[in-house]
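Both complexes shown next keep chain A, but they swap its partner, so chain B is in the first and chain C is in the second.
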Partner chain A sequence: MAKGESVAGSDIPAGGFVQLLTPDGERIDTVTTADGTTYSVDFTDEEYRGLYRDLVTVRRLDSEAVALQRQGELGIWASLLGQEAAQVGSGRALRPQDMAFPTYREHGVLYCRGIDPIMPFGLFRGVDQGGWDPNEFKFNTYTIVIGSQTLHATGYAMGVTMDGKTGSADGEAVIAYFGDGATSQGEVNESFVWSGVFNAPIVFFCQNNQYAISEPLERQTRVPLYQRAGGYGFPGIRVDGNDVLATYAVTRAALDNARNGQGPTLIEAYTYRMGAHTSSDDPTRYRNGSEVEAWKAKDPISRLKAFLSKQKIAKKDFFAEVDASAQAQALHLRERVLEMPDPQPVTLFDNVYPNGSPEIDAQRAAFAEYQASFEGSAH
Partner chain B sequence: MITLGKALNHGLRRALEDDPKVVIMGEDVGKLGGVFRITDALQKDFGEDRVIDTPLAEAGIIGTAVGLAIRGYRPVCEIQFDGFVFPAYNQIVAQVAKMHYRSKGKVRLPLVIRIPFGGGIGAVEHHSESPEAYFAHTPGLKVVTCANPADAYTMIQQAIATDDPVIFFEPKRRYWEKGEVDLDAPLTGAFPLHSARVARPGSDATVLAYGPMVRVALDAATAAAEDGRELEVIDLRSLSPIDYPAIFESVRRTGRAVVVHEAPGNVGLGAEIAARITEECFYSLEAPVLRVTGYDTPYPAARIEEEYLPDLDRVLDAVDRSFGW
Partner chain C sequence: MSRIKEFNLPDLGEGLTEGEILAWLVKVGDTIELNQPIVEVETAKAAVEIPAKWGGVVTRIFHEAGTVVEVGKPIIAIDTQPGSSEEPPAPASSPAPASAPAPSPAPASASSPAADEAEAGLIGGPAPGGRTAVLVGYGPRTTSATRRPRIGTPVASTTATTPTPPPAAAEVRPAAPVGPAQETVAPVVRTGPVLAKPPVRKLARDLGVDLTTVNGTGPLGSVTRDDVHLAVSSPAREPAPTAASPATAVFDASREQRIPIKGVRKLTAENMVASAFTAPHVTEFLTVDVTRSMKALEKLRKRPEFEGARISPLLLVAKAVLLAVKRHPMVNSSWSGATGEIVVKDYVNLGIAAATERGLIVPNVKDAGRLTLRELAEALNELVRTAKSGKTPPADMSGGTLSITNVGVFGIDTGTPILPPGESAILAFGAIRPTPWVHKGKIRIREVTTLGLSFDHRIIDGELGSRFLRDIGAFLEDPEATLLSWT
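Entry: the complex of A and B
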């Protein structure tokens, strides 16, 4: 096994990135970046197999959601295809006490938090708008308006500091997920400013999947995104987002720095959105198939599978069992999605205000009376 | 027959042809042609300098459009969905609306901000809102919305041609509805941008609607006619200014008015219209002005949005209540 620096190559972005597992499944033992930080992972065979299981499972659940949307069972779906390693690597790097602020695509992180994968389906089916308790799951509600959650994450992280929960190995850290497009938003830049000024215990985890719907990365930036961090006064690092090992190592280190009181880090996970932006999108209008094919060769799952096979950490029967298990979970998920009841219309008046409102109560009552007026009619 | 969306596309194309200072800017408006394809093929035909894919930042889209307008351009900005306009709200309310006033009339900002609005398409949160009152409430902005392909084609060109900043609301769930459009009609002499139009004449009650609700009001009028009631449907078209003379003329004839909009009723346009009618037509009214609106809740989940949106039955119910007064 090799030792390396932040790798560079013809199909690797200028400036390189941290990679511990090549697309061919070659393991790079340690990587030392220009600032002298060394990254590695020290997984048991069981842990390696666990990561593989995670990757396969979240991809399979995602493909089931894509199918459910096509069959009209979901209003829309935002697929994570291609971004499994970025999500599983960072998601598994979180410690139980850490808090995550997702976009609307972090189904893999959600899974790694140990959350029932059915949880976000109400939103995509259109029966609710999320509806879970962020504090119960240490996982905020999905946020749709691009970049807004980075400020929420920053404020939450400021609260961690104010509560005295940083400065030790068992301190708390916060992770904010966003994409390459979001980095253009003022609010994201404001979150960088605030986190820097208040030394907030936060990791900004940017999944650079190369596209903001149709617009390529070049429409958002002239410099590699991780380099933006320097201007705000905290470190930025780029990692191969299709390498679950490197993503885990880099995120774990950044989170531990945050919990120890060393402030924010920006991680740019360099990856690729293999599918459409959402099920409403048609990527063939703005990118060509050869580009997609080139990224297929860097697939996050096949490289880990190659590594596990070569190192004899896993054999055919293991891979078959993982596939079968993922398949069973997907079918179970499907059944439960199909069983999700539509909400009662009158519930649209619920939860407008924490302590209710006489005005809303009056509208609810009038609505119920109006609905009842149709009972028995052909309506 | 072309769709409302295609009519907008034709109108934008003609504006780009007629005035080299017109530029289109927004997220995904270029190669993709916009998420609703309203700018389809325009970048291919007019180039990347005139149909500009912007970084993903709404404040940036509007703020830079202000600068371009000061420089003499006529930017047509696309906000991808209603619920995404708020990062740009500061620029629109604090800058776009006030620049002319601040500069004692020396700066004109002839920019158009296109916003697909309203619900009924089964979308997730932030994709179905009706924020028009926020903008109509702001002095210095003009606010319009179209309800059919012919108006879409003409009004987008008029909005671009006028020196006012115009918030141009597009009824997204009507993008696919078809109608006759005369693509060769000259703008000169066209029906004025800020005039309301009688969409269906009637004598018994006036139903005031705009954007996506005009279709609902017309359907209600058809149903009411079967019961012997002739509803006059007025398509407001302009939400700031509102064509009050047209409204008053109708209400004085019919004696009854029902205002319909998707936006929540509280402090909505219907409240202002009702107040004005009461002030100006008090002795003609047979009943209070009634409103049929979205409820005073956030826009609900898609599976129950049809219960939230005003529909034919709710409009007829309001008409019944007006007659029962």
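Entry: the complex of A and C
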């Protein structure tokens, strides 16, 4: 298709957004925004197919987690259904040295970082505290408290600058994920202030999925969220969050700006949470079926599939193979989740101090002895 | 290991204790796949579909639709290896140990579930009616509440060390109705320490109750708040009273029906209480001659614009309300104590109270003031039809700004309706009866009805309420002339 500007149309929010792939699967070659920035992607056929595989796989793994929760095997689950493109597009735009700060819903970003998808299940199954080494994976722990990770990310990003790791084409950048509801939190606004003032190498990636649990977007803001960035002194841009290509292009450009020392960017990925906020929520109580139907037509996976088919980049056998592979991964994940061992009570003394302490050691020994005083005890 | 597996109702939200089976999507004998939706369950938080945990053949469904099931209880049994050469499924006597009542505590096993025993130490303890009070995030444990016995240690008062059942008091299970049975139990005098939580101890001290004389019905025989209150109210706290008085034998439980408070009934009750105790209500009445309205309806029915439309007196009442709101916008408002504001709405989402099989609901016609009379007629019919079929979507029930309750359809003259929460006025529309009435100086038989308007006196003064009601009456007395003069 032709070169375009920020698209505006019936299904598109006022003010438009960057879109490179329409819901019908039509490619828009380049998009130039009002400030003169041009966005495009130049993927090989193999890379296009890879993105499709990512989208299908993260959706399938997510649906398995939803089922496991309904079957009593997980305490709770926050589904990413509908937000696959926002997560895969931004996750694939990260370079190995970049650091990501997720919320509790970024299963797709985690997957794109090459991390074993089982990692967060200990938290949701209640067999561990959801702790892992953020430095090992360049992926911070899931943060449940709304918005607080944006401050952690800001501090981390300021540290990157102090370490002299910005200012080059191969510099380091930080991405902080949060939702539309988090933009009403003080922490998020504080992190905007600090990042702006200190020119921190950070990308604020807001997945605007239209609802803060049950509170609709119009109760969160009077201006489009991306426009808030102007008040803090850095650029904001809105992208079609159901378009994996545009999300990739916009995130990559923002990350490159950050690593080059150009400071923060706020990205509003305009998307929709097709499922419940978490497994404890019932969205039919606060939104209309017609609204959900309208968003179904903008599905991130079906538009990429339509594009791949039309361009003959992929055929039926490829799609079938991806589905089968995702299914096999989901069943494998299920088996491993069911096999997760329950933690032993003494493990609560682990990870209190990095190198232990005499006091904790004594408490652990006493507690182990107490546990061992019961019949049939393994300890 | 049995090839027939029983699936227990899981905690579907965070800290839920029960769920209602809405509908089974499979039946006994069906072959099902892993993750195939099998049942819809409604909890306090959400109505959800549960996917099958195993593939196989359904051998038993434990509860019919409409049943409220405790978390942790089996709901379905699935033969996971159908067609294998083992004995055919014998659903009636399911071998799975988890579901057997198994009175023996099976001491050595750490995994013996006592599914219906609440865990000791829950905040608040089991609440009346058998429900366990839950604050946030953590539900009652539905797995084992029993402890493994200690090795070679003396008997501790709170730990069962032998396979004998725990003290009688600890056996009162959450599911057992709290009631007369307790009052007939003789007060105990114990020697050991009394188990009670600090707030309960304070309550007992405040009320002058000696905890050692109170029967504990909480976990491990601990004394609960209810026990303390019961001890105060019980006429005989001293030595055991004689058996139940003769009167109680006549009105025993077999002659009482216990209906769980849930669903629409529960919601209605909460709304009524919330409204009745926050908004000071005033109700005014006006009796009006609606003969001309009835004639106007007849004329409307004959007009081509209304061909095929079902129109009723409710339509004109609705129109009267909408026109009167335009003249008195303040009645279409809500009290926002949180922000210290009165929110006056420029749109009328007109609620119509509807009696349905599931109870009272008040769906509303959105932005009813913008509809033509024909559109309004269709919207009202659609609203009532949907409500009767039980399919009213939640969005139709929220956001109402002003409501009408049509008690006339029950043959009632009028009433003093309670405001739906968030609304400031509600009109009761009574039966229309042929009545002797002074018309143009002579007594005539006229069609007469009585309107009752309840309003929130914090926002609407008597004068405004009276003018609003007077205008509704004026319209119904002469709709054609009123329409011409007001619009």
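Going forward, the second predicted complex is superposed on the first by the 353 of 379 C-alpha atoms of A that agree within 3 Å, B and C clash if a C-alpha of one lies under 4 Å from a C-alpha of the other, contacts with A are read in each partner's own complex, and residues count from 1 in each chain.
What we mean here is this: a residue touches a chain if its C-beta (ideal position, glycine included) is under 8 Å from a C-beta of that chain, and two chains touch if they have at least 3 such contacts.
Being a predicted model, the structure only gives us computed values, none of them experimental.
A.B. asks: Superpose on chain A as described above, then tell me if chain B and chain C fit or clash.
C.D. replies: Here the two partners, once superposed via chain A, clash with each other.
A.B. asks: When both complexes are superposed, which of chain B and chain C contacts more residues belonging to chain A?
C.D. replies: It is B that touches the greater number of chain A residues.
A.B. asks: Given the touch rule stated above, what does A:249 touch, chain B (first), chain C (second), both, or neither?
C.D. replies: Neither: A:249 stays clear of chain B and chain C.
A.B. asks: Just checking: does A:286 make contact with chain B only, chain C only, both, or neither of them? Give me first, second, both or neither.
C.D. replies: both
A.B. asks: May I ask you to decide whether A:70 touches chain B, chain C, both, or neither, giving the answer as first, second, both or neither?
C.D. replies: second
A.B. asks: Once the shared chain is lined up, is A:206 touching chain B (first), chain C (second), both, or neither of them?
C.D. replies: In the superposition, A:206 touches no partner, neither chain B nor chain C.
A.B. asks: Quick one: is A:276 in contact with chain B, with chain C, with both, or with neither? Answer first, second, both or neither.
C.D. replies: Touch status of A:276: second partner only.
A.B. asks: Under the stated touch criterion, which partner chain does A:375 make contact with: chain B (first), chain C (second), both, or neither?
C.D. replies: In the superposition, A:375 contacts chain C only.
A.B. asks: If you stack the two complexes on chain A, which partner ends up touching A:127: first (chain B), second (chain C), both, or neither?
C.D. replies: first
A.B. asks: Pick from 81-89, 135-143, 171-179 or 279-287: which stretch of chain B gets in the way of chain C?
C.D. replies: The overlap with chain C comes from chain B residues 171-179.
A.B. asks: Considering each complex separately, which residues of chain A are in contact with chain B in the first and with chain C in the second?
C.D. replies: Residues common to the chain A contacts of chain C and of chain B are 75-76, 280-281, 285-286, 374, listed in rising order.
A.B. asks: Touching chain A in the complex: which residues of chain B?
C.D. replies: 27-28, 30-33, 35, 53-57, 59-60, 83-84, 86-87, 122-126, 266, 295-298, 300-304, 307-308, 313-314, 317
A.B. asks: Okay, in this complex, where on chain C does chain A touch?
C.D. replies: 7-14, 35, 45-51, 53, 107-110, 147-151, 153, 393-395
A.B. asks: Show which residues of chain A lie in contact with chain B when the two form their complex.
C.D. replies: Touch residues, chain A against chain B: 75-76, 104, 122-129, 144-146, 181-182, 184-187, 212-215, 219-220, 280-281, 285-286, 342-345, 347-349, 352, 359-360, 363, 367, 370-371, 374, 379.
A.B. asks: Could you please specify the touching residues of chain A with respect to chain C in the complex?
C.D. replies: Interface residues on chain A, with respect to chain C: 64, 67, 69-73, 75-76, 276, 279-282, 284-289, 373-377.
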